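Going in written order, the chains are labelled A, B, C, D and E, and every chain counts its residues from 1.
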Amino acid sequence: GGEKKAPPAAQQAQTVEINVSAAVSLKDALAEIQKDYQAKNPNIKLVYNLGASGALQKQIEQGAPADIFISAAPKQMNELEAKNLINKGTRKNLVENKLVVVVPKETKLNITKYEDLTQDSVQKIALGETATVPAGQYAEQVLQKLGLWDKLKERAVYAKDVRTVLAYTETGNVEAGIVYKTDAISSDKVKIAAVAPEGSHQPIVYPIALTTGTKQQEAAEAFVEYLFSADSKAIFEKHGFVMGK
Amino acid sequence: MLQVMMKKQLADFTIDIQFTVENNILVLLGPSGAGKTTILRAIAGLLRPDTGTIIHNERVLFSSTARTFVPPQFRHVGYMFQEFALFPHMNVRKNIWYGVKQNDNKAKELYERLLGLLHIEHLTTRFINRLSGGEKQRVALARALMAEPAILLLDEPLSALDSDTRLELQAELKKIQGIWKIPFVLVTHDIAEAKALGDQFLFLEKGRQVARPAFRPSEFCQCQSIELA
Amino acid sequence: MEWQPVLLSLKVALSSLIFVFIFGVAAAYSMRSFEFPGKSALEALFALPLVLPPVVTGFVLLVLIGKQGPIGQFLSESLHTQIIFTPYAAVLAATVVAFPLMYHSAKAAFEGVDSNLEDAARTLGSGSWRVFWTITMPLSWSGLVAGLVLSFARALGEFGATIMVAGNIPGKTQTIPLAIYFAAEANDLTLAGAYVLMISGITFFLIFGLNIWSKKRCGKSSVKGVF
Amino acid sequence: MLQVMMKKQLADFTIDIQFTVENNILVLLGPSGAGKTTILRAIAGLLRPDTGTIIHNERVLFSSTARTFVPPQFRHVGYMFQEFALFPHMNVRKNIWYGVKQNDNKAKELYERLLGLLHIEHLTTRFINRLSGGEKQRVALARALMAEPAILLLDEPLSALDSDTRLELQAELKKIQGIWKIPFVLVTHDIAEAKALGDQFLFLEKGRQVARPAFRPSEFCQCQSIELA
Amino acid sequence: MEWQPVLLSLKVALSSLIFVFIFGVAAAYSMRSFEFPGKSALEALFALPLVLPPVVTGFVLLVLIGKQGPIGQFLSESLHTQIIFTPYAAVLAATVVAFPLMYHSAKAAFEGVDSNLEDAARTLGSGSWRVFWTITMPLSWSGLVAGLVLSFARALGEFGATIMVAGNIPGKTQTIPLAIYFAAEANDLTLAGAYVLMISGITFFLIFGLNIWSKKRCGKSSVKGVF
């Protein structure tokens, strides 16, 4: 794109603002990183816009200011890439997540693996909408891989986001729900009953990339680099993420 | 027979009145703001006197000591409001029929008779906002009469009518009272009308009965030699 | 595009409209007639579903009618049924979110009614019930219609609370807004657009119909006369 | 001088009238529904005649041929409505002052004088819904007079008042007209009042002028020997 | 809990209320006075923001005020500014979604005004403008207040369209509903609950205040008399 460079004099004197559009599930981790990074780079100001990946994608498509995009799934990133709105060369996978089965904390059911979901006492299972919510897509993959999909399809309640899956589970309206590990950790009314076997789904990655519309190319690159540093890694892992390769 | 004994504190003075209406016509007279409408409202049950009793044929409609208050809908009072209070969302016919309990032949006859008497036959499908002032007044009168009440309260019922119609209706009201034999309480400012209709008179001033009104003779003299240019 | 969400939406919106009308009008009328301590608090409570994000309303309803919730337990114990994840839950959600619109419109409408006319009706032998139906209601009609339009539109467009308590079970609890949301999320903007057109069409139809009908009505009894 | 020539189709008949009011008082008489209020509304600019002209001192207020229509607010007409049309959200004082253009000493004097004349001094802070019928009528009259109009239209201005006040106000209206020297058009059903006030008379029946009214002598005779029981 | 979202929400809701009031009342009043072809269609359009899921409204606004959108281009070319991702966008979103509530309430309120009183004011020398301010507005006050309550509540609770055009930028464009969403998404239900209490508190406060105020007002000019 034909971006206008700000005059160099102004660039040095003023603090640089970096707009980061990021999936809302990264909130806590990113907030901690923001504190550290701004302390180290006083002339940088990080501005987060946190939301659902799909909404963020639409905003970027309409020319909303964003220098960096962190999506909760590759799909949104792919679509922006196809429209040439992100800088292909800068795309990497930031963190990974795991898919787990959660049950209400006081449940009387004995569920320790995905196969246990076929018990008759499990009347309803909440998962994300398989067409739109990434967690739902991954859940479908796992269940199909394990040969449980046809049996469980009838019991599924599709939620519009992971938060709703958790709400259903927390309030005991479903016997089990399938969510990300990071979400499961953050709720104290559910417990993790089972983790999806390695390889039963595509890796759950959070891709990151610079947008083509960025006016802060260098500063943004520096920040992305910092996100991959050991300091950041510790923070991400504290919140249940696994660092991407 | 209607017995009224009531006190009611108003903004500027207190109504303190006591009267009995046999089954005939009582005319309430008095200057504007004397409390005439307030008395009618109390009889109709639309406001509670502070103290007193209102008794109709042995039936206690209101009593402050016995804490009786019969709500307006059970008083069988036909009340024609000074400002008509016609229902703007109904046509004339519906307005007139609103208070009728039994839609029988008797009611139909009375309806036809009233329409003729009041010269409102041509207005039955009109809505209220498309009537002239006098037409509204006649419709309001018809509505109060159609309810076949046990007490009839008329607040300046003929004030907006021309003198011909007025005289005609005075005679009719008198006749109707003769047939129904119920107490009428009527407010008017027209002395001739009071004279023509009233069996009893009550002069009111600032809420109290006054023995004899201070009528100025002028108003009676003037009429004698009418000759319009 | 499928017709099922359209039909379901209409059914849900119309059913909830009935409840909204009954409860909204009843509440507004009672609030007009009675004074009691805590009246303002109750009024504020009636406005809450409007101010709370629908998802929060949805969450509260979920807790109430969910398996462990008081209403949910009552239903399952006494009637052996549950409304969560059924179209009934969608009706409930739409009713709750649309209620404030009807309530406040009806309240304002009733305040505008000339009490002399109600008094007149009473002296003509009408009890409170008849006075309400024949005088108060018709005279506050334009305000009530505004409330109905707003409520219907709100019920038709209800999304956040509905998806929380009714879930999104295609063919069973998917209303138009849910269909729009999922089509949009799936980046099927054509489908989403089709549903948007559909729901807009219903609105147009409704308001057109209403205007024509009320013009007919006014022809008969216009408050403004014809001059 | 006010010249009126108008035709207007109504529900039941057509108003077809032509008259001139010099700077004096024209009394409009006629049975209820004859079109009196309609004529006043046309002069005030609240309805358009089908055809005709309305001219006030050479100024064309309405002309169907020249397509002139001066809106009511520019006609300087003081119009007292038959049903008062007082503003319920204002107190008496605010109602009366509403039409005053210049809040000067002259206006204040007139205001004080009208309050005294109409016996409404004690009501200035009252809201309209707490007035009696006659009190409303007097406030409406005060409001129309306060606007210091160039034409005054009064639709049954004294109908709800007791005879004493009525006579007093008739005299006052006559006096005011003498001072202002503007055309008054006044509707009344009271022949005595018409006689007392009118310089000219116009008898209306079904929208048309009738040469001489068919007054029944009865109404005049009755007054002679008033003696109330 | 932070105070910034609370302050921002109040600012956004109050600013949008001003626009909503002006546009809603102006639209309702013009629609009352003029007849023109396509009037019903325009009315239906005015109801749309209520029936469309806020996300759709948000998307439409996004397209309009985005870089390539007609409004966005105009703003950036002539004023070298953009409102997307700023609190102004939040005000815009709140205004658009609350508008139908004000419009329909005002319309019903104006219909209830006795045109005789407006006529009377006109004969007393008032032009349309003064008639409107001194007669029509005060006489339709209870309906207008209902519209204001509904609009304010709706603006305060606005979420879907806001997050689309204003983004969810903590400290800059995060209103209470966004903070609730954000806290809930991050599973911090205590924080979400705190914000819910906050927004409910504001509503209570508003309605309490309004009731007390209108009682005072009625004391002076009650339509029902005191008897």
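Some notes on this structure:
FYI, a contact is a pair of C-beta atoms (placed from the backbone, for glycine too) under 8 Å apart; a residue touches a chain by one contact, two chains touch by 3 or more.
On a predicted model such as this, the values are computed, not experimentally measured, just so you know.
The greatest centre-to-centre distance from chain D, using averaged C-alpha positions, is reached by A.
Chain centres computed from CA atoms place B at the largest separation from chain E. The geometric centre of chain A is 80 Å away from that of chain B, both derived from CA atoms. Chain C and chain E have Cα centroids lying 19 Å from one another. One finds 50 Å separating the Cα centroids of chain C and chain D.
Each chain gets a centre from the mean of its Cα atoms; for chain B and chain D, those two points are 27 Å apart. For chain C, residues touching at least two other chains, in rising order: 114, 181, 184, 223-225. Among all residues of chain A, none touch two or more other chains.
For chain D, residues touching at least two other chains, in rising order: 46, 83, 130.
Residues of chain B touching chain D in their complex: 11-12, 29-33, 36-37, 82-83, 122, 126, 130, 132-135, 137-138, 155-156, 159-167, 189-192, 194-196, 198-201, 213-216, 218-220, 222-224, 226, 228-229. The touching residues of chain E, when paired with chain C in their complex, are 39-41, 43-44, 47-48, 50-56, 59, 100-101, 104-105, 107-109, 111-112, 114-115, 142-143, 145-146, 149-150, 153-154, 156-157, 159-160, 177, 180-181, 184, 192, 196, 199-200, 202-204, 206-208, 211-212, 223-225.
Those residues of chain B that touch chain C in the shared complex are 44-46, 71-73, 75-79, 81, 83, 85-89, 91, 98-99, 101, 127, 129-130, 143, 147.
Against chain D, in their complex, chain E makes its touches with residues 114, 116-117, 119-127, 134-135, 138-139, 141, 220-226. The part of chain C that touches chain A in the complex is made up of residues 59, 62-63, 66-69, 84-85, 163-164, 167-169, 181-182, 184-187.
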